[in-house]
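Consider the two complexes below, in which chain A is the common component and chain B and chain C are the respective partners.
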Partner chain A sequence: MAGKTRAGRKLKMTRKAKRTREAVGGGRAFWIATNKQKTIQERVSALAHVPMAVGEGDNNLQAVLGVLRDVKEPIEVRLAALQSLQAASFSVVAFESSSGDYRATLRNIAQDENPELRERALSVLAQQKDGFAQKKLLEGLQNPQKALVPPQKALQLLSYDVHADAYKAARAIVNSPPNPVAKSEALRLLSADATAAPMFEKILLDKSESRENRQLSASALHALDPEKMQTLARDIVLDASDYDDIKATSLTALTQFGDNAAFARDQTLRKSVDLMKTRGSDELQLSASQFLSKLEA
Partner chain B sequence: MNVELQIHDSTSPDARFLGWVPSPCRIRVTDPSGTTGPSVNLQITGNTAAGGGQVVLRTGTTGAFATKITVAVPTNGATVPFFAAGRFGQPSSSNGDVSIEVSDRANLIISVPVMVRIRKNANLLSTAERDRFVSAFGKLNDQGKGRFRDFRDMHVAVSLSQAHGAPGFLPWHRSYLLDLERDLQAIDQSVSLPYWRFDQPAPNIFTADFFGTADQNGTVQFSATNPLQFWRTDGQLGVIRRPKFPTSTAPPNLLNEAQTLALGGTFKSFRQMEGNPHGSAHVSFVGSIDNPATAPKDPLFFLLHCNVDRLWAKWQRKFARFDLAVPASFDEIATSRPGHKLSDTMWPWNGVTGHTRPPTAPGGPMSASPCVTAPGPQPRVEDMLDYQGEIASASELGFDYDDALFV
Partner chain C sequence: MPDLAAAEQSETQFAELVDAVAADPVRQEQLAELLREDHPFYSQRGGAAIVRMRGWVLLALARTGVSDRELPFVLEEFDTGTDAYLVAAAARALRSYARPSAAFAPFVMRALNNIRDEPLSFEGYGEYPTSSTDTTPVRELLAVLAWLGPHARSKLPELASLRAQPGRFCKKLIAELDRTVAAICGNRQPEADQTDDCCTTPAHLGQEWWPFHERKGTETVDSIVFEDHDGTPIRFGEFFKGRPSIVVFFYSRCDNPWKCSLTVAKLARVQQLFKERGIYGQVQTAAITYDPVFDLPKRMREYGRERGLQFNAQHRALRATEGFDALRSHFCLGVNFIESLVNRHRVELYVLDGAGRVAASFERIHWDESQVVDRACEVLRQDAAPPVAARPSFGGQGQVTGTVLGTLASLAWAFFPKCPMCWAAYLSIFGIAGFQQIPYPSKTHPALLAVMLINIVSVWFRARATQRIGGFCFVCAGIVATILGKMVMNWDNLAAGGIALTFAGSLWGAVNIRQLQFYLRRIGCNFG
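This part shows the complex of A and B:
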């Protein structure tokens, strides 16, 4: 009967809100997350809902760090513990007093047996520009026997804080790539190196190179030497023998960053792009339409 | 007879953007030729193109809206106020897809194109809306050399205490998004910031034509026509982001909207959402977005936070938490760090550096809007609460969400 009155409904709603809060965060979820008697699924699910509880006290934080460090814990639970800590790290205050412990734990698990855990720990450390992680990643590139992650992942993570040693390692990979993905990541890392512009020009014009690397080179060159890229992009668009996706990337660069006034005077380019509106791949047709729309705007 | 229409009390085309909140408008006769008497009765209506936005009107600050109003306008040039708003649920999809028209009996006198510009679910944008947005975002970034660099530099390790882990978390990010959105609109007026509803599948967001798809190494790949292929931050090309969930078919494992809105009716309880779903959404990927210091390197950050802000807006509506005078509208703590109390100005817009603030203040003051005056160049925490100007119309910040009503 009480539930049908206004006061009763309010009480019911308050209780429901309280149950929801208890179900999704706070004490009970935290208790489940750290309880080894619970199933893996229960613990993983609970860990997804405890980020704020992790930050509420040093004991909570230490307990989750303990789960993360414990090699006897199921890997699913350890990964969920790391994810929960990462979510909690967005509430910076709670982490300020324990960031040393968090970093030490990450360094520890960066050398764990599990490759996914290693990669995720190194990822967090690399984002923090951690010297230990950078050293390990470089070591792995120079000596694959010591590699904690594949070369393409090491290059990607080093890109968070590029310095000369990383450039050197990336150039070595470009010259002698262990796999195509590693070469792409090395090129991406070198996109910040002003001295790499000639290399990107060469790759962009090399039709035997992979299309992905040519597109990546176009993007890199456009930032390193915009005037050169504008000229090359025009040449590529007018080159009947080049691939549609490379032309589309070139046209997109011209549309986004090019000199409209110069294009408006360039009848050769304009006529050629006009034909592309109805010929070639969908991407090329779309990029041609976008280019012409910009000129007409 | 000629007539002038002012939207947001301005004749500038830059001010012709409406939301759900009634915008002050004016009408006046600029050339009374052909009229007789001291005033003329004019009909004002909204005329919508196919699939366009819809406008509703009223003559005063209160009362019901109508699709058509009649006003007596003096022929001596004096202005007559009225109010226009977007019809809830009927936003525009392009600039000028709805017009405010003035007629004298059956004769059309003037037609002013406007846009009901609303923040929408990114997963539901039209192709044209999506393409305009990524184009504007690409230009803001300008291969790492554009204005976006300021936004990247505002959210770095040394500045996190200004924006996280304290009551100012939601207001600071509302201000951050607003500043960015206004700069996007300076590039393309038709753009508004869309949101990623991270509690729903988003098959249209994680595509090569929009926010990209991760390759086997977690590097995001874009189509050849996507301007985000040139995205660059901290000197580095590209975006690193590998989802831990099947983006097309399921959302990440986090609090859904209903659960978030049920966190409680006080700001103190609601701001727990900084951990879950906010933090949980960030760490549903492996990549720059999963770390507070690197998160804005990924443009998806701004769609994620737009949804966080939208949830706050919906919570504010649900519990009527727009008024500073209502304690539950905010978690005012006397010992909060500078930047986290209602009357505090927020960094970096206040330009204050050193001591309890970061050593530099990138970006300068808040960008101005041609439509509204709030929050001013140096927003305070309290300026972010009454975003629709419900308590004081001058507080309106000039944005709305497609599913957050103004009453």
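This part shows the complex of A and C:
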């Protein structure tokens, strides 16, 4: 009994010592991080260690939010503060009470002069489906002079919320893309638009279209109209002039979701895939092997 | 049809309209209309725009005062809302209601537990604060609890538990929470007419019941074609007629866990209660998607199964492959769209009677599963014996004749061969039966066999669609017996039995038995 009590007391003391060490460590890092006399390097390094300290009290959090908001602070320090706060928002329970202030600060810095800070703030807000961020991103797509981030980034961020009213803007970008990456992002966003299946079918069959966009179209079409994709995938696999990576994607679609019984009767398809097992790119050979082994299983 | 003039107006124009309506005492009733999800103003708007617009209407209500008409819209935000702006605006609106009630306290606590705090601005339309403000959803909800005062006493332990959670509230909010608790614990006692328990006021909030003879007919939706979770096509008239049904609406892309996901999970619970009360086979359930283009059979099946829904011929997930607009207008669905995607919807459940007519509805506020099952039992009892008031007086001969003629017409329609397949069925029966009378039977054998084959194929397709294979089995047995009797054993009695079996099986497959039972019950009722 006495031994048990001694052990309990020892464990309690060890825990207390650990807590004290952590508090002092966090406190010191916090002091360096918010001290303007310290070098940028020191402050950035200290900010990496403050997430736990941030949640220890409202004052700590407000001080780091102040660093993030302060346009006179070096951008490296502000970016590190943002990273630190974001880590704290995930890991510290106590952060919840200040999440509102954090969101307001993010909206503030989303319009900052520094493009990287803007982009990162908008990323965090867009993941939370924030109405302010969505409004700003859509405004930027409609009027490039007001854009806070490049169109491809805006589309990527808007795609976090299927209800964000971004389809119209995405369709405009597909029709008249400012750059190829923006077009790909627009297609990625439209892959959730149930009415976009005919557009994806057209792009998938268009050999002059980039292979990335055709692959995107294949996976979008598979989600929106699987039966149509099955038919097109078979045609693509049998088309000797098409690219290996597109064929591989089509074969994967057939392997994963196709009607095995129908394929077993389809000798033309089977012969073609047999040939692909030994010819073509590694990716195609692998897809062909998977297709045939599923057929034989 | 969406009102294009409304749909094309800008958000600013909408906000001006709301302000004008709120300022005009004669038009203030229109604010409730502006909160209806199916209002043309909400057509083709994004989710965030709808939040701004509805929030502005709720804030207008806070100025004009919430009446019983608007109360469900306000409590709905506490019950199923996930947006901080709408919850805060609803909290402000509720405080303009004439009398505080203990029934509101559970709604407020639910919102307090679900919502994440954030700074808001109610100063101008569509404003988003970029620094801390004093307006937050938690503050607005605490203000409601303080307004409820002694009516919220039952929630004191929950508030104490919230206060004890580390990091749940910042220091400022804890101080506000303490002031709220003080307001609740104050000396004030509920007034005599306000001593309600937590279930009195909104027990029937959002619920409606239509008497037997006031229910809307289904003529506009009978031909709507659905595809179920297995890809089987079925019409509204085929599925919903013959037995009472519970219908809920959902869509798999709904990102509000308190709406579609919970609705489907609760429907699974209703199925369970049907089993416990022994009416599982007597009442059907259907989960119909708002998003028929995206919610393909596989998606519906997985979505339902993940939430415990059981599927079979009487319990299905459905998507309208044709006629969704007619369905939307028949049920007056509380939903709107941006392109093909839902942008806002309410929680809604309907109890249909055996004729597919809406008998009861549960809207906006989450329904209690037992209440829904009680309603279904009530409808089941009414279908078995419709209300006495429903019986036509025997003095009115024309009325009786009309009912009999209508019923006979229904039976005639059921038995009349309506398609080439049905004709084939009848021809196969009468053709085989007439073997003896045909001068050169051997030459007609191949034709009659072909007709029999067509019949068996048509019965099979029908059996697959309705998931009732009894008729198909009868037809198979009948055809085998007829062929054996006529061609192999030369035993006429066996052939006659086969013909009878084929006839019975074909009818079984062609006629909706439940519908027939329903009509027969109607005859019984009309005659006494």
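Here are some notes:
Convention: the second predicted complex is superposed on the first by the 268 of 297 C-alpha atoms of A that agree within 3 Å, B and C clash if a C-alpha of one lies under 4 Å from a C-alpha of the other, contacts with A are read in each partner's own complex, and residues count from 1 in each chain.
Everything below uses one rule, namely that a contact is a pair of C-beta atoms (placed from the backbone, for glycine too) under 8 Å apart; a residue touches a chain by one contact, two chains touch by 3 or more.
Predicted model, so just to flag it, every value in this text is computed and none were measured.
With the C-alpha superposition on chain A as described, chain C and chain B fit side by side in the combined arrangement.
Residue contacts after overlaying the shared chain place A:49 against chain B, while chain C stays out of touching range. In the superposed three-chain model, the partner touching more residues of chain A is B, compared with the other of chain B and chain C.
In the superposition on chain A, contact of A:120 is made with chain B only, not with chain C.
Contacts of A:132 after superposition: chain C is touched, whereas chain B is not reached. Using the contact criterion defined above for the overlaid structures, shared-chain residue A:195 touches chain C, although it does not reach chain B. When the shared chain is aligned, chain B comes close enough to touch A:219, but chain C does not. Once the two complexes are laid over each other on the shared chain, residue contacts for A:108 go to chain C alone; chain B is not touched.
In the superposition on chain A, A:90 makes contact with chain B only, not with chain C.
When the two structures are aligned on the shared chain, A:162 is found in touch with chain B and with chain C.
Here chain B and chain C sit at a least CA-CA distance of 5 Å once the structures share a frame through chain A.
In the superposition on chain A, chain A positions 55, 92-94, 162, 192, 226 are in contact with chain B in one complex as well as with chain C in the other. Remark: chain A residues 16-17, 20-21, 24-25, 45, 48-49, 51-52, 54-55, 83, 86-94, 119-120, 123-124, 127-128, 150, 152-153, 156, 159-160, 162, 181, 184-185, 188-189, 191-192, 212, 215-216, 219-220, 222-223, 226, 245-246, 248-249, 252-253, 255-257, 283, 286-287, 290 touch chain B in the complex. On the chain C side of its complex with chain A, the touching residues are 45-49, 51-52, 85, 116-119, 126, 128-133, 136, 166-171, 173, 253, 255, 291, 293-294, 296, 298, 338-343.
Chain B meets chain A in the complex at residues 131, 135, 138-139, 142-145, 157, 160-161, 164-166, 215-219, 221, 223-227, 229-230, 232, 234-238, 240, 244, 253-255, 259, 262-265, 269, 272, 274-276, 278-280, 282-283, 286-288, 290-294.
Interface residues of chain A, counted against chain C in their complex, comprise 55, 58, 92-101, 103-105, 107-108, 111, 129, 131-132, 134-135, 138, 161-167, 192-195, 224, 226.
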